[in-house]
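Both complexes below contain subunit A, partnered by subunit B and then by subunit C.
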Partner chain A sequence: MQKVGIVGYYQVKLYSDANYGRYEMIFEASRGALDKAGLKKKDISTVISCTNDYYDGRTISNCFTVEVGGGYMADESKVEMDGAHAVLYGLMRVLSGNHNLAAIWGGSMASCYPYHTVRLYETDPTWERSLAYVNDVTSAGFQMRAYMEKYGVTAEEIAKVAVKNKKNAAKNPLALKEAQLPNITVKDVLDSGIYADPVTELMVAPPCDCVAALLLAPEKQALKITDKPVWITGVGYNQDPYYLGDRDLSGCKSMNLAGKMAYNAAGINDPSSEIDVAELFEANAHEELIFAEELGFAKKGKGIEINSAINGDLPINPSGGALGGNPPCATGLIRIIEAVKQLTGEAGDYQVKGAKRAVASGQVGMCAQNNIIYVLEAN
Partner chain B sequence: MSKMTQRKSLDYIKKDYVRTRTLTGSWYLASYKFKFNITHMKPFLEKLKEKKLIGNQCSSCNRVFYPPRQVCGKCLVKPDKWVDIRNTARVSTFAISYLKDPETGEVQERPMVLVHHDGADTTSIAELNPEIDVKDVYVGMPIIAHWRDETVGGLMDIEYYDKFIDDSDDIRYKK
Partner chain C sequence: MIFIIILIIIKNEIKMSEEKVIVANKGLVRADFAFWVGQYLDKFYDGLENKKIMGNKCPKCGDVFVPPRKICGKCNVVIPLDENWVDLPETGTLMNFTITPYRINDRTSRKAKDWTIGMIQIDGSNTSVVYRLLNMEPEDIKIGMKVKIEWNEKTKGDPSDIKGFLKV
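Our next item is the complex of A and B:
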């Protein structure tokens, strides 16, 4: 694959109820990314946004973000999935050879709408909606139980993932305050309110407010903009069937196939030794284990055995991951940004020493129906 | 020059004062017409009326879908055969939801299950008999469809799933 560089990024701090208007938050992110790269509005040649009509409370919700998102009189279009999918669209535009700078931004404000209620409307209106109350949390319960049952993994082991990520989030100044829990224990996670048994409140990525932005440029241009570009050397994406009943919920086949596609592009043969750090969008604690296994970091059912702490063998979500805050439409984009920070040595207290190659993933849908993963490499 | 300071620094928006107002509103899309094909459902719905279950099968990959699917995604063809499905099933996986009545505040504990019918390759979303203690539910639990007295040929003809003592020898599941 031709090299495309990440030359700038910006992430607004996560808030559960931000003291921001929608426009201002988008502006801070898109302006912030340009400032970081030392660029101007006129340098942007294409804009990809990631929002959702339902999350924004208006139809064709990129219509109002023109000015603040850098799309004024520019070629712009919207992705209504995860921010990481918007990066894919931006990447394709750069690879087309027609653009010198793609600006990608994504995010929403979950404080403005009932997130888990909106997701009830994801089920099939004719087959499923009338039969039972199923949303992202209930389906997470299906998946966590199926995973535990198949591999004999315990709830305590899954709670350990939440403990690690919430402790990591405490080191990340941009993480959600409510998710920054340096003294959290496994017992706290298991004793927190039950969302959909066996999933408890602290195992669910808390929906919150944020916008993040990223700038992509072709190789030649990227080297002119910065001496520390991060290269996208592989990308893979795949999707599972829509109906939960058609899937083996104890695993995530689409993540497996996405991983293979990305590794193939980047020339990775042994992911657990060749990758230095992973930022995975885990909407629930158990998903991190499932993803790690599907991505070849451990054998099936053995995800818990990976030493995934910040100073471990293969650090996963040193930033705190989505359990440190899950702003719909931005979370996957933030995973990419966090991986970039690791590769440029800008991750501060949660820096993984000597990280040269990272993976970052995004997802949408119930039980991570649609997955996308990037391989990123330091210059 | 004020424009320059605004562009170079974002510190001005970090000051701690109330910058927003909230306007309560609604974005109401409650009315929608879901238009869907019934050709692949009709035989299934007619059988439901007789308290019988059928699924459809893709003759390319031989997977049996219950409930019937319009298209087999794997082969991108329409399933073209009908096969009988037993009314007995297993709990494939489940989650327990806690639903709060907005008026009384009463919390209902309800297991949502994915049901794997004997004879099918897919599972479907369902609820269990409310009398069943949630603590007794387990993956692999044998269950049986409980029909409403009056069936109308719709999905709601199966009211819920009941516990079932499986004494057959051909299928053995570990608890």
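Our next item is the complex of A and C:
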């Protein structure tokens, strides 16, 4: 794959109820990324946004972001999935050879709508939707139980993932305040109230408000903009069947196939030794384990044995991950930004020492139906 | 006419700050969607109305789908409308379950009683359907147990004809 560089980024701090209008938040992120890279609006040659009409409460929701998202009288298009998918679209635009700078932004404000209720709208209107049994929370209950039953993993072991990520979030100044829990224990997680048994409240990535932005440039241009570009050396994406009842929820085949595709592009043979840090979009604590196994960091059912602490063998979600805050349409994009910070040495208190190669993933759909993963490398 | 309702909420009394919240959809437009279920589900729902479960079988891989499909995603082939229908029993195997105190379509309220929702594979099919498990205490529920359909007395030819599943 031709090298494409990440040359700038910006993330608004996560809030459970931000004192921002949407326009302001989008502008802060897209302008912030340009400023950080020392670039101007006129340098952007294509804009890819990521929002969701249901989450924005309007149709063709990118029409109202023209002025604030860098799309004013410009080449602009929208992806209605995860922000990490918008990065794929931007990457393809750059790889087409027609663009010198792609600006990608994504996000929404979950404080403005009932997120878990809206997720019901993903279900088939001619079949499951009218009964309202399935949303992101009940499907997570099925997924966690399927994983525990198949591999004999306990809820206590899965709660440890939430403990790690909430403690990591406490070191990340941009994480959601409510998710920054330096003293959290396994018992706190297990006692935090059932959302959908066996999933408890503190195992669920908390929906919140945020917009994040990223800038991509082709190799030559990237080196002109910054002496610290981060290179996208591989990308993979895949999706599982739609109906929950058609899938084996104890694993995530689409993540496995996405990982293989990305590793193949980046020339990775042994992921657990060749990758220094992973930022994975875990919508629930157990998904981090499922993804880590599907990505080859551990054998199936053995994800809990990975030393995934910030100073561990393979740090996973040192930023706190999505358990540190899950702003719909931005979460996967933030995982990419966090991986970039690790590779440029900008991760502050949660910096993984000497990180040279990272993976970052995004997802969309019930039980991570659609997954995308990037391999990123320091210059 | 004014269509927009403006609510003024005093959010934090100490700060004495005010936040204006515009509720955008109240009374403005009502646009209900109607979905044509398609010929396959139409036949399936006719079956439900008569308290019968019908699936259809992929001519290539042999997977039996409930509800029926026009296309097998795995094989990428059409299952003809007039062929490959399979009459299935009202019994099945519990493949998975979850218990939730929340109404999905109203996240703000807890129900008085927990709902138990199961994934059930109807005997003779290869897929699972999601329905409530009825009259079961959490300690009774075991993955792999046999269950059977509890029909609503009056059926309408839609997903609600199946009230839920009972322990066999």
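We take it that the second predicted complex is superposed on the first by the 376 of 379 C-alpha atoms of A that agree within 3 Å, B and C clash if a C-alpha of one lies under 4 Å from a C-alpha of the other, contacts with A are read in each partner's own complex, and residues count from 1 in each chain.
Methods note: contacts are C-beta pairs under 8 Å (C-beta built on N, C-alpha and C of every residue); 3 or more make two chains touch, one makes a residue touch a chain.
Just so we're clear, the structure is a prediction, and the values are computed from it rather than from any experiment.
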item: Fit or clash between subunit C and subunit B when superposed on subunit A; value: clash
item: Touching partner for A:20 - first (subunit B), second (subunit C), both, neither; value: first
item: Which superposed partner A:28 touches (first subunit B, second subunit C, both, neither); value: first
item: Contacts of A:120 with subunit B and subunit C, given as first, second, both or neither; value: second
item: Subunit B versus subunit C as contact partner of A:138, first or second or both or neither; value: both
item: Contacts of A:249 with subunit B and subunit C, given as first, second, both or neither; value: both
item: Subunit B versus subunit C as contact partner of A:2, first or second or both or neither; value: neither
item: Which superposed partner A:269 touches (first subunit B, second subunit C, both, neither); value: neither
item: On subunit A, the residue positions that both subunit B and subunit C contact, one per complex; value: 19, 57, 125-128, 130-134, 137-138, 141-142, 145-146, 149, 194-199, 241, 243-246, 249
item: Interface residues, subunit C side, partner subunit A - complex; value: 19, 24-25, 33, 35-38, 41, 67, 73, 96-108, 117, 119, 121, 127-132, 138, 143, 158-160
item: Residues of subunit A defined as touching subunit B within the complex; value: 19-21, 24, 28, 31-32, 35, 54, 57-58, 123, 125-128, 130-134, 137-146, 149, 194-199, 241, 243-246, 249
item: Subunit B to subunit A touching residues, read off their complex; value: 7-8, 10, 13, 18-20, 25, 27, 34, 36, 65, 67, 69, 73, 92-99, 110, 112, 114, 122-127, 134, 139, 155-156
item: Partner subunit C, residues of subunit A touching it in the complex; value: 19, 57, 114-117, 120, 125-128, 130-135, 137-138, 141-142, 145-146, 149, 194-199, 241, 243-246, 249
